[in-house]
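Everything below concerns the one structure shown next.
Chain nomenclature is as follows: A, B, C and D, assigned in order of appearance, with residue numbering initiated at 1 for each chain independently.
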Amino acid sequence: MSLAPRQDVADAAPKSIADRLLRWESILVVLLIAVIVGNTAISPYFLDIYNLSDATYNFSEKAIVALAMALLILVREIDLSVAAIIALASLAIGLAAQAGAGLPVLLLIGPLVGAACGAFNGFLVTRIALPSIVVTIGTMSLFRGLAQVVLGDQAITQYPKNLTAIGQSYLIKWPPLPYSFVIFLALAVIFAVVLHKTALGRKLYAIGNNPVAARFSGIPVDRIRFMLFVLTGLLAGLAAVLLTARIGSTRPNIALGWELEIITAVILGGVSIAGGSGTIPGVVLAVFILGLATFGLSLVNVPGIVISVLLGLLLIVSIALPIVVRRLMQKRPAG
Amino acid sequence: MTKTTRRQTLQLFTAGAAFGLAPSLFTTAARAEGKRIAMVVKNLGNSYFDACAKGATEAATEVGGFEIIYTAPTKATAEEQIAVIDALIAQKVDGIIVSSNDADALVPVGKKAMERGIKVISFDSAIGQEGRIMHLNASSTPLIGAKQVQMIAKTLGGKGEVAILSAASTMTNQNSWIEAMKEEWKKPEYKDMPLVATVYGDDQDDKSYREMQGLVKAYPNLKGVISPTTIGIRSGAKAIIDGGLVGKVFITGLGLPSEMKDAVLKGACDSFAIWNPVDYGYSSTQIMINILNGAEAGPGSTVKMGRMGETTVGDDGQAAMGDPFTFDKSNVEEFAKIF
Amino acid sequence: MSFLLKHRELALSLIIAIMVTGISIYAPAFATFENAASVLNDTSILCMLALGQMMVILTRGIDLSVASNLALSGMLSASLAQNYPDLPVIAFIAVAIATGLVLGLINGSLVAWLGIPPIVVTLGTLAIFRGMIVVYGGGNQVNASEMGDVFQSFPKVTFFGLSTIFWIMAVVAIAAWLFLSMTRVGRGLYAVGGNPVAARYCGIDLAPQQLLVYSVAGSISGLCGYLWVSRYGVAYSEIASGFELTVIAACVIGGVSIAGGVGTVAGALLGALFLGVIVNALPVMQITPFWQMAISGIVILAAVVVNARAEKRGVKLILPEARLAAGAAK
Amino acid sequence: MQKPDASSPLPRGEPVLFLNGVSKSFPGVRALNDVSFTLRAGEVTALVGENGAGKSTIVKILTGIYAPDAGEIVVGGQQRQFHSPRDSWAAGIAAIHQETVMFDELSVAENIFMGHMPGRTSGFIDWPQMRQRTAELLKSIEADFDPDDKLKQLSVAQKHMVEIARALSHEASVIIMDEPTAALSRNEIDDLFRIIAQLKAAGRAIMFISHKFDEIFRVADSFVCLRDGEKVGDGKISGITEPKLVSMMVGRPIDQVFPKRDIAIGDVVLKVEGLSNPTEFADISFELRRGEILGFYGLVGAGRSEAMQCLFGMTAASSGRITLNGTPLSIASPVDAIAAGISYVPEDRQEQGAVLPLSIRENITLASIGSHVRNFFLSKPSELDAVRVLGRRLDVRAAHWEQRLGDLSGGNQQKVVIAKWLAAKPKVIILDEPTKGIDIGSKAAVHDFIGELAEEGLAVILISSELPEIMGLADRVVVMHEGRISNIFKRGTWSAETIVSAATGARKAA
């Protein structure tokens, strides 16, 4: 049928080292090494296995939510209500604890309430076809507001010992690994495998790059987006369990402002806000960079707000720099 | 002002440099000769705590051989404060003085610090008893509560509706003071001065301001407001002045002379109380220094506070520094220069 | 009903009117002129910020840094007043606006010239601008008594019972309306947001427009920074913390489409007023403050759902009987 | 020189625009190489060439979107440099673009004058003048809507009128029409040609770009032919024949006759009864047999795509029955349709068919991804096996299978999209305008391939707006008009006239 001889097509492009080095993940690895070396140099307390283990407490819960958020942003959605979901789920755990529920109930109710909140977001986004950024600005007020209505000026502070043990002791004694960090690592592996090695992962990339074509290709786009909202809520609920167990207290302002930190990690991890590109290893690297940089700077007592300035700069510079470099490289041959 | 600016700019610069692998500038800050005491407050950018820190430095200089690390989280939440304390534990500081954002949430991290040999006490806003050695109240809680009710009763002549404008609903110390106020209120002399509402300004100026406006509208017969928070009282006073309510509604509570000078002179506030935050920071630090030097601070023991004398720790592990000090037209201008 | 759905501004005014009536019956204190004036004075800052934000959203952008910008501009203006309390008030306003403009230009340049997504840029500058307050002022705050009377008295001057803040807002709103509906550049914003490719073919480039809207939004934030600080009499790092989401919520309630190209001055103002009425009514109605957040969440969601219904893209009308039916309904 | 004045038309044949030795390169691609031609007043010049030949690049250079690397543009005797579309208008060049590029939320007047609104000295827009000029323009092209109507209220054809009015509003001496008829029905095309005649009479020079030869021979006075970025011929249209022009375009002679294969038609595969939707189509009933190619013809907007997308599960039907191989189907989504063995190759390749940022491999396996799962994981070898077979069969031209689909030419993209649907191993394949906007070489390949599919025993539904394509390939033709089937013709019982009159709603042909 063809008018010219058929052409031979290679299976894959010739692999070039330059391409690999220019990958976002490679840049992040360099950045992570820089942070570790820098921290080691500025503080003698940084490279201490117990200290590092303690540091993971403060970012593992956010990191768990970041995994789900990465998938959500990958398919062009966003969830600003995650921190509010944590508050509501923590409230549910607290009420259950007050009612005398046992450990299994306490462990389950957080993720369940989280998933229900996620389902509510997902319903509004996929069924009523509302933009997710707007929906979740609304639900972030609603979910945290509900927690505030129930708690008022009270706090729930009586948690059974077997729950708080999960947040305050190590799952593995040596090397000292907290529950939350191990759960994060396990989830990261699962997420990486699912996103990069399974049919579902391929579908997510297709949706992120072209939702209409994905739907025409027989991918249940709305169902997957809905499930991702549920998943994000579920992991926020799981984070609520770990956080509640760690601090043993539920107040309406719990996890306030986490949504922006989580989204920052995802974006720094190379997930495009426009959808369709990004990897789980990238997000994991970004989580470590942000967590360890914060920890290292706190070790030399840089005020938190100054740290947030530096992390803000890190975010913008790390995204702007490749663009500037690319422009300069493009201009050179012409000029 | 300019001095601080330059110092802070330098700090940012160095921090930025540390980020980019030029860390040598920092080592001096990180390692010191003597023992290190960290003062962790609720959040930064609060002049009350800045004054406390001034007192802490004063105590450290007075005794000698101690270095003060003054720090706080960006947001006034327990999680952030825990992260800050974790970093202090990692640095193996010798003592930590905390004003907590959440009494219960800080217990585990306080315990962890003590397990690793770090002495922990709280001031201003307590940590739960298991998470610290002792807590120093500026004054005893019943005294602070009673004082505020007495002040408004004096202003109003014991007649008229009164409301409370508090900070966030989660703040431990505000809540316990309100409890104490209600206790005082039970006395018969206040029967013509009912408490009609308790509202929360979340320690935000705009919210406190609006809540104050709302109170006046919701309770047309409102005569007095008690605000046991420095932000609440200053915004509430401002709302009274801006709303032309001077003479109709009076505010009292806990405020800083520097912030309340205007309100007192313009008549929105008759009198208000506070302890001297410089003294407060000083006393807390003196106690910590004594503990580090081996003093006992458990329930029943007596601890020394340098120039502020001494105090006895109660069975609940709490002690009080002294009586709150009252400010009015006669002395506010003088103290406004100090804090 | 369908008429109201199509005329969002009218529907919103009606809802606000019903709400105000309801609240007034419940709490007569709400229905006084003083109260109306105080609601308007109180909401003016939100109104102005919503107008700036709307212009950004029109071009398919978003500015999360408005509240941080406000806080930093207010701080710089207040610290000028602290050092030179006797300068004319215009100097303080000028410094605040100029600071806001510079910060807006930073956002605008990163978005327009480097093509970084607006949400990423402003998420970063949200943290940076606010942090710069501490870096600049060393964490010190500027108190009312340090600012001087010139600085503080200006927003309290009243004309016809309404404060200067309100009248400034009125001027900003009229200017925004003239700009958006009567000038080529203003109409161009709708074109760029509605269809960027087509706008390019019409000779309207996105980049200068983006630079413009972020600068305008920044300048407005700067102006509001001065007004906020002088009204509440304190400048420090935490003022207006989290206010950016309220501003965006006001736009959303006012029918500004987050997808760009849709939004009116009246809509943004009404959206802000709607939130203002609710926030001011709760304390008057003696509803516990704990309900406030949940209620604003519900209101935002309700507004979005209603707007989505009004915007719902019509199905294709191919069958002759369907076209007739649609024609009859018109 | 003075601004070209439209009020005093140049004499017919007077040169208006010279393109002289223009070249343009993009990274890795030479889009134009030393192209020169002349546009003359009162004449229509057809610009012909396959996709990728450089036509769009010329349009973009003339409208100021791209700057040429070399060469000059001379308008009205003066050399010009266009840095933006504004410069191009100032020189008197206006364009009607391939897709209607417009602002739904704005009024007709604003759409027409966007970028050059009449202003007052105060800096504000002169609304009264803008409305009045719009009304005049609309009247001159006999449009039946108001300057204040919002664009989103208009039909596709009306939007096109706005686009034309916009080009006229510039009072340009040169008007570029880039595939202006792509979205138009026959009547609307007639209207357009009437307007073109008016413009010619007014002394404008027109550059007309189209893939449809009947239109080119109907409307053009002269032609310029491009191939691979170079000019390969020009001259008077009266001096050339269609086959010659085609072979000039593709660089070799092409058999334009459709090779109708002799295929044994089997049993009924798909049976659709009374498929309806409240607003888009009603009472769609037909049968489709093994090895059959069933054409669907109708004007744009007749409801063909809508009915087929409903059959494919994209939208819900209000009533109707679908039976596949005797089994009743309930199709709620494309997932169900694909599982049942129905594939749909959508009309809009960029938006609906292809996922341009993904690789060729990922695109080809997208609709059949489940078949490459081995023990929970995706198997790349299994994917590559499928991709090699299909890619070769459809003759996809690429460097390697991991290449981004967006980097391929339109024709190759379309081949990949079709390959994606074949990978799903369908029993019924619906092709919606499969040759729209692709060059003549790829077109022939696709036509050939459709026959091959039927020969293999697939049941094929072919939606097309090109009569020769439908008449050349289909065994039967279903004609739709305003959402309903107006007639079904068997091969041999139709003529172009009967089909068109059924499509335009003339009384049913017997």
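Keep in mind that, in the parts below, a residue touches a chain if its C-beta (ideal position, glycine included) is under 8 Å from a C-beta of that chain, and two chains touch if they have at least 3 such contacts.
Everything numeric in this text was worked out from a predicted model, so none of it was measured.
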Between C-D and A-C, the pair joined by more C-beta contacts: A-C
Inter-centroid spacing, subunit C versus subunit A (mean Cα positions, whole Å): 30
Inter-centroid spacing, subunit D versus subunit B (mean Cα positions, whole Å): 72
Rounded Å distance, subunit C centre to subunit D centre (Cα mean): 43
Mean-CA-position distance for subunit B and subunit A (Å): 35
Subunit A residues counted as touching two or more neighbouring chains: 152-153, 252, 257, 303, 305-306, 308-309, 313
Per-residue overlap in subunit D, given as positions that touch at least 2 other chains: none
Numbers and ranges of subunit B residues touching at least 2 other chains: 11-12, 44-45, 169, 200
Pairs of chains, among all present, that meet the touch criterion: A-B, A-C, A-D, B-C, C-D
Partner subunit B, residues of subunit A touching it in the complex: 34-35, 37-38, 41-46, 48, 50-51, 54-55, 57-58, 152-155, 157, 164, 167-168, 243, 246-249, 251-257, 293-310, 313-314
Interfacial residue positions of subunit C with respect to subunit D in the complex: 178, 182-184, 187-188, 190-191, 194-195, 197-205, 261-262, 315-320, 322
For the subunit C and subunit B complex, residues of the former touching the latter: 27, 29-30, 35, 38, 42, 79, 82-83, 133-141, 143-145, 156, 228, 231-234, 236-241, 279-280, 282-286, 289-290
Contact set on subunit D toward subunit C in their complex: 63-65, 84-86, 89, 95, 97, 101-106, 110, 114-117, 119, 123-125, 127, 278-282, 301-303, 306, 482-484
Touching residues (chain side subunit D, partner subunit A) in the complex: 27, 252, 254, 314, 333-335, 337-339, 344, 346, 351-358, 362, 365-367, 369-370, 372-373, 376-378, 384, 388, 391-392, 395-403, 420, 424, 441, 444-445, 448-449, 452
